[in-house]
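First up is the structure itself, then whatever we jot down about it.
We call the chains A, B, C, D, E and F, going by the order they appear; numbering starts again at 1 in every chain.
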Amino acid sequence: MDIKDFIAPFAVWKRAFEKPFTVKKPIDERPGAPRYRGFHINDADKCVGCGTCEAICMNRAIDLVPVEGRDAKEGDSGLRPRVDYGRCCWCALCVDICPSGSLNMSNEYVWIDSDPDVFRYTPGVEPKPWDGSALGYRRAEGYRLLDGTRVPMPELDHHEAVKSFLELVRGWSREQAEKEADRCVSCGLCIASCPAHMEIPGYIKAVRDGDLETGLRLLYQTNPFPEACGRICTHRCEEACSIGTDGDPVAIRWLKRYIADQVELADYSKALPRKEASSGKRVAIVGAGPGGLSAAYYLALLGHEVTVHEKDEAAGGMLRYGIPEYRLPYPALDKDIGYIESLGVKIERGAPVGEGRSLASLRERFDAVFLSTGLPAAYGLDVPGEKHPRVLDGVAVLAAATRGQVLGLGARVAVVGGGNVAMDAARTALRNGASVDILYRRREEDMPADPDEIREAKAEGARLVEKAIPLEVKDAGGKARFVWNEATMVQKEAGKRPVPEPIPGAIHEEIYDSVISAIGQGPELSYIAEADGVEIRRFKPVVDRDGLATAAGKAPVFAGGDLVNDRKDAISAIADGHRAASAIDRLLSGKGA
Amino acid sequence: MRRQNEHVIPPETRATPDLSSGKYLVMWQGPQHPGITGNMSLRLVADGDTVVDCETHVGYLHRGFEKLMERRLWMQNFPLVCRIAVPEPDFNEYCYAAALEELAGVTVPEKAVWLRTLSLEMIRLASFLMWIGGQAGAFGHGTIAQWSVTMRDYVLDLFEELSGGRIYHMYIIPGGVRGDVPDGFLDHVLETMQVIKKNLDDIELVMFHNAVFKMRAVGLGYIPPDWVDKYGITGPNARSAGVARDLRKDLGYLAYPQLDFKLITGGRSDAFERAELRLAEMYQSIDLIRQIVARMPKDGPFRERLPNPLHWKIPAGETYVAAECTRGEYGFYVVSDGGDKPRRVAVRGPSYTHAVSVMERLVRGVNIADVAGLMVSLHTYPPEIER
Amino acid sequence: MNTASFQETLDFAIGRERAAVEFYRELTGKAAFAAQKSALAEFMAMEEGHVAMLTGMKSRGAVNLSPGAAVDLGLARRLAAEEEPTAAMDFQDILVAAIKKEERSGDLYRSLVAAALDPDVKAIFERLEAEESRHKRYFEELYETQVARDN
Amino acid sequence: MNELAKELAARYGARDWHDRRGDLSSTVVDPIRLHDTLAWLKDSAGYAHLSFATAVDNIERGVFTLTYTVRNHEQGHSLMVHADVDRANPVVDSIHLLWGQGWTYQREMKEWFGIDFPGSPRVDEEFVLEGWEGPPMMRRDFDSLAYSDATYEGRPGRVTHDPATRMQERLYPEAGK
Amino acid sequence: MSDKKIIPAPLANEGLPPDERGLFCDAAPREYEPARGIMEDFANWARSESLWILGFGTGCGAIELRPLMTSRFDMYRYGIQPRPTPRQSSVFVIGGYASVKTLKRIVRSYEQMMGPKFVVALGSCTINGGMYWDSYNTIKRIDQYIPVDVYITGCMPRPEALLAGFQELKKIIRAGRAEGQNEYARNFEWFKANQKKVIKDWNMPDYNW
Amino acid sequence: MEPTLLGRIGYAFLSLFVITNYGLLLIGSMARISAKVQGRVGQPVYQPYIDIIKSSVKRNAISHGIMFYLGPVFRLAGGVGTYMFIPAVFGSVVFRNFSDSGDLLLVMYFIFFGQLGMALGAGEGGHPYSAIGVSRGLAQMTAFEVPFALSVIAVAIQYGTLDINAIVGAQQGGFLNWTLFTNPLAVVAAIIAFLGMSMHNPFSVVIAPQEIPIGPPTEYQANLLGMLQTNRAIFNGAKLVLYMNLFFGGATNILVMVVKTFLIYFINVFVGQAFPRFRTDQSIRFFLGVPTLIGIASVIIAAV
């Protein structure tokens, strides 16, 4: 210890002549940093109420609550997160994980009250002073807890693909499937959008856990066509997927396919529920498409004896005759149908209902009838010259392809229409070595076909001619001279889709070997006689919620599938089949309507 | 005033004072006591002014972290761990993240490594600044605390800018960090370091060249070198006893092997030297922060993509990850049974030994007035004892 | 406007609608199965409704039809229905026939508008033309949503 | 490090040597030889620093796995010594004479797991808890949430909704009938 | 207040060693009528401008009291200062979660404070359990055990928020609404029952003012 | 004109009122100066008033027996007593108090009296820290009394009287007549003792918050605490006036008194901000060391 030790301490007084450290008005002067994790803000319009924030919150600080003026709709549960500030720890994991990116934080941090019950609120719904704050915690660029990118699906190269009918999509390996399944947050928003309301989060979890038998069981709960749906489903679920709000939606369809592909048919019976004891009731089903066979599956499972009447020589309906092999290989379809048949479902092939096998006679012989005859008849172009021999109908072309007939489409083919049938026809034609023009009355974005299908058709070499209004088909030495009028899209009425308006004089024509018309299909209803008492309106049997068609007389008649519903896809037909099966079962077993 | 090097080493075995004799005064220091670091308490038995026996009582802050962690998903534990040591939360975040990354086989991007090093070094500095105020305050010198806590606050401002949080930064997330540095942040760091260094110079002058402080601290709480292994003493307490151990050197984690710094050791091993050593480490921290700022890669990813946190499963295994915090060896022992939640997470806080077994022994024979100063000179944080 | 010409004009219009009813009745005769009949019956009922509506207007002595013409979706003009529907007619055939019929009515009223000298009669014809365009629009929309879904 | 593994195996029957990391290994000994193993490691093998000691409840196997992590600072290597003790009768030799802080860990394990260390100072005293009446709370079969819900009153008025259920209620209530 | 059945409080100072009983009061707490009119306003003004915080850092929240009481935020200029003994303090800052062991000390310290006394609760943990909502050792709502005047949410609330909280407390005191002491006396048995339900080894005096 | 006894009592009350307020403001302003050193703004100068009002309007209070009550009363009596026998302003009628009725010894007795009374009361509080604080306080007081007494003796010898008025009178006529210059050693010893007496660092062992929070007044609250706080102002004022009178030439008007006492008090703060606190034994050893030697030297010088 020296003298310095007595003198040096007085250096403290230096500070007395400097500026104090004190912040003059701390409350006003010090807003939170631009990244400060303050109170929550939520863009309630962007939010889809998926509840992922609730799931990640380790404090259980978040509740999902219904809010005024926001009902559930497809892809939005209508619920919004409500934060309990008696729980929150401001870790912002909810912000990091929010699939839509709607949940964020402001940099406001002062909230004081003597009432402890007020510290709860629904950000973005209950107005707060910090709403719309520009500063505050946001996810850093390039930083996400969830993966917004889908695992790429291995596909055949388009140049290769177009050479054969080999399946285009190869399916995932276990690792890929598990990685994709990992992206799911199990919010369940998708379930409502699926016509069959499949237990999607459940089977995705099964993929994640590697428990495919559970997965298969969950699939078969509502859908006995996992192989087919895993390939060709219109996957409306993916449109509702919360991950898709800011990124690629989870590839639900491919995961379904993965489960079905991985389980051998021989192992199905181990995973799936057993048939119930025979009820002694007999059900007739007309049409062995997805709707009919689904009904058959569930009815058989419930112990009813089911006979399916199919006009074609093979079962599957549009799945077989309407969808080309490269999208849905026949072995996959046969696997689905095979399992249904293995339950004892009798499928009478080549047995159309109509002459000699009337609906009335079915109603005599069976306890209930389910009609699922779909839309087999193509509508014509309805332009002058539509009866030209080179004007073919898309459905027929696809069916012929399925039957392995020589199509003889020629080298230059026009496909008129923008639906999936048009795409399938175009790609079938491509695979037959033709060069293909797809003519569509509106724009590409208006096309009802799957975006994937359009993309692939184009990639395989089809030329898309938009805004082409067919005018006439003329003969050109055995070939068809197709005349169309170029159109411009006019927004004629607010709120409705624009109408193609022909541009005067902009007439084009082209000579094709074949013109495939694929503008739409209609039902074949001639087998329903007036005496059957089935009410039909605008070529659709009128059914109630269960699929029961109002019918007088003996056995009840149910109807479903494309024949009845407006969605006109396989999954809706399957849903109809399932629903009708349950209703039939209730009716037959007397469990009440 | 004790002369230097004339150390009294308290006996290993506890005397059993006859409390009914009326000769002793039993006294609780804490939990509500300004001379206690954090919320814990000492039961002192005093003979006159001299403490003859001491029992530590902890658990006032016990929240059952290790149990709670077993109930939460791997990622959900990330906000929880930082609460274990309030003044120095980042070490929890780092050890937990590093243990998970090791078990899951994740490699952290270079940029994240540097940002982690930066935040660990910054929190070391902040924690030391808080401690030095406490050390001066424990001997009654309030002015230093007024300055140093403000300096610490400047570091917290940096954290707020970097991570969005003042106390709980929750910045080091498994896989990397949660964000890159904001614009101008590194300049702010350097400016702040300049301010802190200037203030540290003042503190050194006032506190370490202070006759009264020396009288109080020199010779107080001598820790013999052989206690280091015997009691599991780590950090500045061990280094002051002349044992050259610093996990930053020994384990070479994060970017420390690429940084240029010397291990600081002492030998007199009393409260005064421990304080001096920590002061030197504060200067070292400032230097390290400057080095990190200079050498940190400018670009690059800052987080490795991990599986969906809602279903993240970590392969079965166990590991122990340690890091050198201001008090010594801070470690996380993590056991996974292959599930989406930890099987067991055990936290090793350096205060566990310092504040309980070492403290109990060191306090014996010390004047009551020195208990606070001695306790602070061990630099302990109760929450990491009881978790 | 004198009462007589009002009565006359409406009678003419009612006649047109009656003819339409007949048109559908005739088609129903050709129909082979229940679905066709129900569709035709629906359209026929619609026309009968028009007859009733016009008759009502006639007795009230006022035409309260909106003058706003419906948007022309442009389908009718290009749809080719050269042949009369047959027993095998499907929904498309029936709709096309309906659309064509409405189009013809519209055309007729349009020419009447052009020919009418009495401005009041002209106004009635204009309104009737608009009414027919709305009918046509109704069928066109049905066609778009139910038949040519993919076009 | 394999020499050490061999030596430990020969001396104390240590088994299941795993190199977890370059500087971290683990091994298993019988609980009865735990004290001797640690004493030897401390005194003869240079593993003088006890980083921590804790236990893991392996309820499926009916054991508590004790973990003592010791570090050899000279070689820069840490070793985790495990020992499985019977969950039904968890009694282990105390190491408080080996390391001065050992008794604290043992006191903690006694309170948190119910593992007894006869002879360890203050081992029967409460450590972090006060007036605890439940079972040792770090045991896997103790449910913290259930205890908390039963003991500490929360603030009422919280209710949450499951998005999928909610959507079913609002959009397709008929399903699942 | 909860409709929980109230267990009658045991005899005063039960649980204390006999020789220590004399150190504590035997009278039950009672309510104190505020003075009339301007006198009470003046008293409340003085109370609000001289807030002495009990220096008991019960939880993490104490960490943000340090900056507040040192030069950066300097709470002294608002008439707020820490006080090391409950006898002289008027404000109890509950620094977040309270473990059962701490709660016991909180209750005792609170009772030792002289009225009017005020309680400021920091952080989510005091409101509804915070992040320790499922812990076996922390209570969820502090208002079950002692009356609270002001809650400041946050984890941790920043010093500025604390300061704002104290300003709010001042307003409440000046408005004469900070009657926690009387509330405690009024619902004494309810509070005691709650406390004793949680604190299993009750070895402290019931009456301690 | 000599006022009547009643008048003198009235003046005494006025004087007491002034010194109380002055003492409070002094405490307030010193707190602000300390704050400045600590880099902050500090409490308002009038804060001590609010604190006292606050303490006095506490709704309930707790007692630990009659001596517990008497502690602050004794202490206040000590403070008032000390002040009453010192002339605050030399030659002033109002501020001369009863300085002609008592001498230095009486004043020193009163200084002790307050401490002892406090000791009795605090001991009654039952808190161990009170007891420790009291013992520390008494021990330290005994120690600093040595240099203080020595310097008082030196002054008494120097001026040949114990009458404070006379001592002040002797220092009039220019600052070179101040004891500070006539007997600097005595002043140094007394000032060091004064540091101890004022409980500022490094001699703040009695209330040492980090060690024995906060010593004797631990159990005091409400109006009793208010009384202690008031006394602190009076007692401080009294001591400062005493020092001013003994060593710094007294004051002939109130302004001089304010300036001088402020500066004397500032010495405390000046030292206090720079140093931590002694341990009690160190403090005692300190007082019995150099300051005592200085005191002895001053006595010798004065005697010789």
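Rule of thumb we're sticking to: contacts are C-beta pairs under 8 Å (C-beta built on N, C-alpha and C of every residue); 3 or more make two chains touch, one makes a residue touch a chain.
A quick note: this is a predicted structure, and the numbers were derived from the prediction, not measured.
Contact with both chain C and chain E is made by A.
Of all chains, the one whose Cα centroid sits at the greatest distance from that of chain F is C. Centre-to-centre separation of chain A and chain B, using mean CA positions: 55 Å. Centre-to-centre, using mean CA coordinates, chain E is 36 Å away from chain F.
Look at where the CA atoms of chain A average out and do the same for chain F: the two points lie 89 Å apart. The distance from the centre of chain B to the centre of chain D, each centre being the mean of the chain's C-alpha atoms, comes to 23 Å. Among the residues of chain B, those touching two or more other chains are numbered 33-34, 59, 62, 64, 67-68, 71, 79-80, 83, 143, 146-147, 150, 168, 206, 210-212, 215. Looking at chain D, residues 128-130, 137, 142, 144-145, 155 sit in touch with two or more other chains.
Across the assembly, chain A contributes residues 9, 11-12, 15, 20-22, 32, 58, 84, 86, 89-90, 116 that each touch 2 or more other chains.
Inter-chain contacts occur between A-B, A-C, A-D, A-E, A-F, B-D, B-E, B-F, D-E, E-F.
Touching chain A in their complex are the following residues of chain F: 33, 35-41, 270, 273-275. For chain E in complex with chain F, the touching residues are 23, 25, 32, 35, 42-43, 46-47, 49-50, 52, 55, 70-72, 74, 76-77, 79, 81, 83-85, 87-88, 90, 114-116, 181, 209.
Contact residues on chain D toward chain B in their complex (touch as defined above): 20-21, 23-24, 26, 42, 48-52, 54, 56-57, 67, 69, 73, 76, 78, 80, 99-101, 103-105, 121-122, 126-130, 137-138, 140, 142, 144-145. Within the complex, the chain E residues that touch chain D are 2, 100-101, 104, 127-129, 133-141, 144, 194, 197-202.
Across the complex, chain D is touched by residues 49-51, 54, 62-66, 71-74, 77-79, 84, 86, 116-117, 120, 187-189, 191-192, 197, 201, 545, 582 of chain A.
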